[in-house]
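The structure is given below, and queries will be raised subsequently.
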Amino acid sequence: MLTVEGLNAWYGEAQVLRDVDLAVAEGEIVTLVGRNGAGKTTLLRCVMGLHERCTGRIGLRGDTAFGTRPAHRRARLGVGYVPDDRGIYATLSVEENLLLPPVVGPDPWSLPRVYETFPVLRERRRFAGTQLSGGEQQMLALARVLRSGARLLLCDEPTEGLSPLLVEQIGEILREIKAAGVTVLLIEQNLHFATTVADRHHLLAEGRIVESLDNGAVRAREHELLAYLGI
Amino acid sequence: GRGGPGGGGDEKVSGGKIVLAVLNDQSGVYADLSGRNSVEAVRMAVADFQAKYGDRAVTKNIEVVTADHQNKPDIANSKAQELYDRQQADVILDVPTSSAALAVANVAKAKKKLYFNIGAATTELTGKQCNKYTFHYAYDTYMLANGTGSAVTKEGGKNWYIVYPDYAFGQDMQKSFTAAITAAGGKVLAKDPTPFPNDNFSTFLLKAPAMNPRPDVLGTMQAGGDLVNLVKQYNEFKLRDKGIKLSVGLMFITDIHSLGPDAFAGTTFTDAWYWNFDDRNRQWADRFTAKTRTRPSFAHAANYSAAMQYLEAVQRAGTDAADAVVGRLEGYSYDDVFARNATVRAEDHRVVHDVYLAEVKPKSEVKTDWDYERILRTIPAAEAFRPVGTGGCAL
Amino acid sequence: MIRLFLRHTEPAGRRPLRYLLLAAGLLLALALPWLIYPPVAMDIASWALFAAALDLLLGYTGLLSFGHAAFWGTSAYAAGLIAIHSGLPFPVAVLGGALLAAALAVPIGYLCVRNSGIYFAMVTLAFAQMIYFVANQWRSLTGGENGLQGIPRELLGLDLSDPFVFYYAGLPIVLLGLWGLWRIVHSPFGHVLVAIRDNPARARAIGYPVERYKLLAFVLSAALSGLAGGLFAISHGFASLQEVNWTTSGKAVMMVVLGGIGSLWGSTLGAALVVQLEDYLSTAGFDGIGIVTGTVFVLVVLLFRQGLWGAGRQLGAAAGRARRRRPKPPAATEAAPVPTPTTREEAAWTPSPRG
Amino acid sequence: MPPPILQARGLGKQFRGFRAVHGVDLDIAADSVHALVGPNGAGKSTLFNLLTGFLRPSAGRITLAGADVTGLPPERVARLGVARSFQITTLFPQVSAREHVGLALQARTGLGWRFWRSEGRLDRFRDRALELLDDVGLADAAEVPAAALAYGRKRALELAVALALDPRVLLLDEPTAGMGAEDIDRTIALIRRVRPGRTVVLVEHNMSVVRNLADRVTVLQRGAVLVEGGYAEVRADPRVITAYLGETHADR
Amino acid sequence: MSGFLQQCFNGLVSGGFYALLALGLAVIFGMLGVVNFAHGAFFMLGAFGAYVALAEFGVPFWAALVAVPALLFLFGAVLERTLIRRLVPFDPLYNFLLTFGLTLVLQDLVKREYGVQSQPYPRPAELSGSLDLGLFDYPAYQVFVLAAAVLLCLAVWLILTRTRVGMVVRAATERPELTRALGVNVGRWVTPVFAFGVALAGLAGVLAAPMRAVNPLMGADLIIAVFAVVVIGGLGSVFGSVLAGFAIGLVQSLGNLYVPALSQTLIFIIMAGVLLWRPAGLFGREEART
């Protein structure tokens, strides 16, 4: 589904990604883990076309020119983005926040389905987006890409600030959409949660992918990894 | 001045040359009325002077310089100083906008150089702020108000409703008008200050026909864009049909041109000069038009006349030394294309001359371009301006 | 940003350069009436102070006042009236004008500082317009559109009628004002202003009463603008409605932007340029002054948002970097007066155009 | 139990008719660590905003050490010794980390008003600022403008700024959100260290942080207090499990 | 009584102009975060456009009413593409300053071409009469202007609240990058909205031509009053701006009558009062204390 080859990225004169190669297969959930500042967010921004100073090849479903398209074209090709700061609009109501992205996939969630899954959003749908609580904004950001029917989700720490109950619920949703064939590239600090939803994990350190592991390997080497990541 | 002795010319005039400076608005609201074409008019005066005197002229070396004061008094002030000091101007002409006009008067006083104001209407120039070197040439608020106010009243417009913009010019005009109307036996039923600038006068236009008794004349002291607004709306509310005539305090021929004569038809006002008044005027106007491709306003003619009279005075004095020229001007009487039966009053430096009560023709009577006015009568110089000694000028 | 750069982070090696620049600036100020026509030199000095005072708000507090003519003009009238009616030495009159401007700034500022950004600009503009109408109608005091004429220049019986001489009498006031501004910007208070500009909510949470800080900045800026306006009126010998017109506010803003927002010295450069341009155009025989000034303004906003000073500084920095060949830490480059990254993600994230 | 330093009675806040917080009674004991937990949207941040003056309550009273502080503006509350961090990071983007802390240190003095004084006076905060940055693990980033810090480090800076105020009461809104485990441990240690002589109020979703730190836990739900008690007590409460923790949630 | 009503009617007519201009200003601001100082200049261009169309091409009022705003729409689009757009990523103040500079240029360009004198523009013959409004007679043209203003404001308000346009453009303004990342082609929306705001100002200009002085400065005087109107209504609130526009027109008209000395400052006094009471304007969104 998604292939990244030789990705480099800079801020000013500081290089934050170095020769990153990454492949995500259709219907897979893959996580990126790594310390703060490792470059995880930057990687997603490059894929999304939001970071200008990066080089390398990014392909989507065999479309090798994907990495050269403008951001809105990439989204239209079925990529949904949940940014790390949630990206909720203050000038739009909750419902408008949901309706903003155009439908880009064959199987979008309907508004009622979204509201059923996240009842608070229905209750608060006329409020300005940023008047929601932090966690509610996080839900909104996720619900927004689900409603657009994106086939590839790029989620930057979607469980941050969510209550344990909701984290669980998010896990269920991820498994559910995976079953529906959606692909997810997930940034996650919580290794435990990561293993409950994802198939494979990439360890990012100082701008490089230093290791790729499956769930079994993660569990087996949990202590080593925790030490490495400080998790 | 910092200018040293000039290079070679005759010693009768400072720096070996006479420099006339036109300081006026070449980009703002007065640009059409006067502006750059006034510079042309002054050049015409120089040429006529040289043609008239030839070798007898006090000097052959006469220059015309100019600056745009952009209607900003601070720029007028600096430029006036620069014109006198650096460009060795012997006289400054025009200077519309009263604050700029008064600022330049102070410069003239300090520098002891001559200054003929043409473009400004304030009577302060010949009142409390008069000085030895400043002359007020073409018109002023008293003249505008007095002529129209008394003439219209005498012709039957007894009851007046006056609207005036709420700033110094409007207030002055309103007072002079009221005085003139009362003196002529009329009555001011009401007078309302209006915002300035303003684009909606309906409040006042609706009030007029509802008044009891109904006024015969609506006197407006608005000028420029505001006047146009008011007249457009006066016509919209059809006040003329309701028997309320329009009388305008300050109107330039350029204003009539803006709206077309029909909008103003029948309106009376006082004019300082009209190009199509007689053959003498027409001849000069044709010469002017040949140069500039527009019909002259009174301000163009007045600039010409002022420049000419200055040069004549220098010729009479045989020098351009300011005090000597002032001496030759004070009390001098003359008659030229602009100023008929003119006298330079020694007491306050008001240049008095005949002025005209004019009426706007309807479009059907307009025969040629810019032929908008019918002169109803000539107001003689002696009556037209504020009587000596009433303005508070101490020279 | 520029200002942060000016602070302690400045490498010690550049200190001498700064003193050199300062000395050169002072020398230029002293030599000005020899170089250009003295009344114009005086205009430049007054406007420079005005623009720099405005920059205290725009550059260091993040508030664009589009109504500063109210303070410049009020002080011009007040200084003129004091000089005419009391016969006191002109510096006293100018000081009186500045104080009155500051007093006027208290209620106006109180109402305005609760807004920020573009809102603030519009509100100040509207208040200034109110002052304009008052000045227009209060004819007995201001002379209406005739202006307040015949303001004397009194100083211990000296003859100041020559503008050349007057320049040197007035210059100390301007320098004092500029020094005052420099002091304010480089004071603990100045640091708080910058913090408030960057994030008022944060500043509040650490205990700064934001409104009151903004108000004090507003009043100080108004007082110094008043100082400039009073001096301007004395130097011209009159005060007119032009002084309280919105175009005067616009002109001052133009100077600040041209010189470089957030750099006091840049504002003085901007003032010199605009005054000279206006002076030049009045005799250039081109009847579209607005076309020229407007175009210059548009170009500056589009192409040199950091203004002359910022551009010069960047050139200097680039040269310095080339010499040292050492990468600089990444930093935002735009000298945006009020970056609000929550709504303008670009502001903080724009990568350095130097690349 | 020592007397409460921060107390709320009948506290309520409505937004256009929506009751975000209502009828909350809260007693924060002096020198304790008090955790506020609850589902998303329970009103924790709103409660913080009420306690720190960022929102004006629609009902109820707040007292700080016995003095009524209801409706005071935030800067007044801050000066009375209540510091806070924000859930959604808010810093001065163009100001360096060290200067952030310096500004906070300066706020407690009257120096901020001295527009006639030299900025050189601020140097006295320098050492203390570096010390605080070192505490939160930002020593190497002292001169970096906040905008260039990665997310997790911004959170750490928030904490340093709050600490710089040397507050009596420290309100931290999800101080460890977005942090890796290493930083979380560091933050826990830090809070432990600064604890003596202070009261800490904490909003957290990370239950291990709560377990590690909190003396008392208040669970909010739909704007009202659901349960209050010690960690173990709350942890075991069936209402808390259904409303917040979830059946399968393992303590991590 | 009928006199009073008539005066109220007057106020509404001039309020119609305030409302139309405030509407355009609010649309551009609400959508793009740009305070368009040049709005007054566009109003002037609209009026001049009508004049030039008639004087030089013989285009009558009704055709100008469509053609001139259409041309201004194009002009606005070009402007947005070439200038405004470049500054959107930066602080909104820069665009305020840009449009200020633009105002100077536009005004002087027209001034150079046509001079500062007002230009004549007749009322359309169809509307030259008076209408009997029951209690009083009123010039038909002014009735038409009022009706047009009310209808236009209503239509725009509906478009903004009932369609997707408003939402997309608000989003694009708030966070252009993210909005693109969500699949919205930002560039396609922003230009037409800006251009629409400009066209609206132009339309107000055309409507003004038959009843107001057509000169290069006609917009400059008006724009500051319109700023005050927008501040009173609540910047960015389309509904508030329109309502405040009509209300201020009404108040000014009555103020002229009853307190002439205050008439010029009245609008600013009201503004100060509103700000004291509600710093964000009557319908502005009030944020938490930040």
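Think of it as A, B, C, D and E in the order they're written, each chain with its own count starting at 1.
By our rule, a residue touches a chain if its C-beta (ideal position, glycine included) is under 8 Å from a C-beta of that chain, and two chains touch if they have at least 3 such contacts.
No experiment lies behind these values; they were computed from the predicted model shown.
Looking at subunit B and subunit E, the chains that touch each of them are C. In this structure, the chain pairs C-E and A-D differ in their number of contacting C-beta pairs, and the larger number is found at C-E. Rounded to a whole number, the gap between the C-alpha centres of subunit A and subunit D is 28 angstrom. Taking each chain's centre as the mean of its C-alpha atoms, subunit A lies 77 Å from subunit B. Here the spacing of subunit B and subunit C, counted between their Cα centres, is 39 Å.
Distance between subunit A and subunit C, defined via averaged C-alpha coordinates, is recorded as 48 Å. Multi-chain contact residues of subunit D (touching two or more other chains) are listed as 54, 73-74, 148.
Contacts with at least two other chains are made by residues 108, 111, 174-175, 177-178, 261, 264, 289-290 of subunit E. For subunit B, the set of residues that touch two or more other chains comprises 27, 31, 166, 196. Residues 26-27, 31, 35-36, 66-70, 72-75, 77-79, 81-82, 86, 97-100, 102-103, 105-106, 110, 122, 124, 129, 166-169, 171, 196 of subunit B touch subunit C in their complex.
Interface of subunit A with subunit E (complex): residues 48-50, 70-72, 74-76, 81, 83, 87, 89-92, 96, 99-102, 104, 128, 144, 148.
If you check the complex, the residues on subunit D that touch subunit A are 15-16, 18, 37-46, 87-88, 148, 150-153, 174, 177-183, 185, 205, 207, 243-246, 248-250, 252.
On the side of subunit C, the complex with subunit B involves touching residues 37, 39-40, 43, 136-137, 139, 143-147, 149-150, 161, 163, 232, 236-238, 240-242, 278-279, 281-283, 285, 287-290. For subunit E in complex with subunit A, the touching residues are 30, 164, 167-168, 170-171, 173-175, 177-186, 285.
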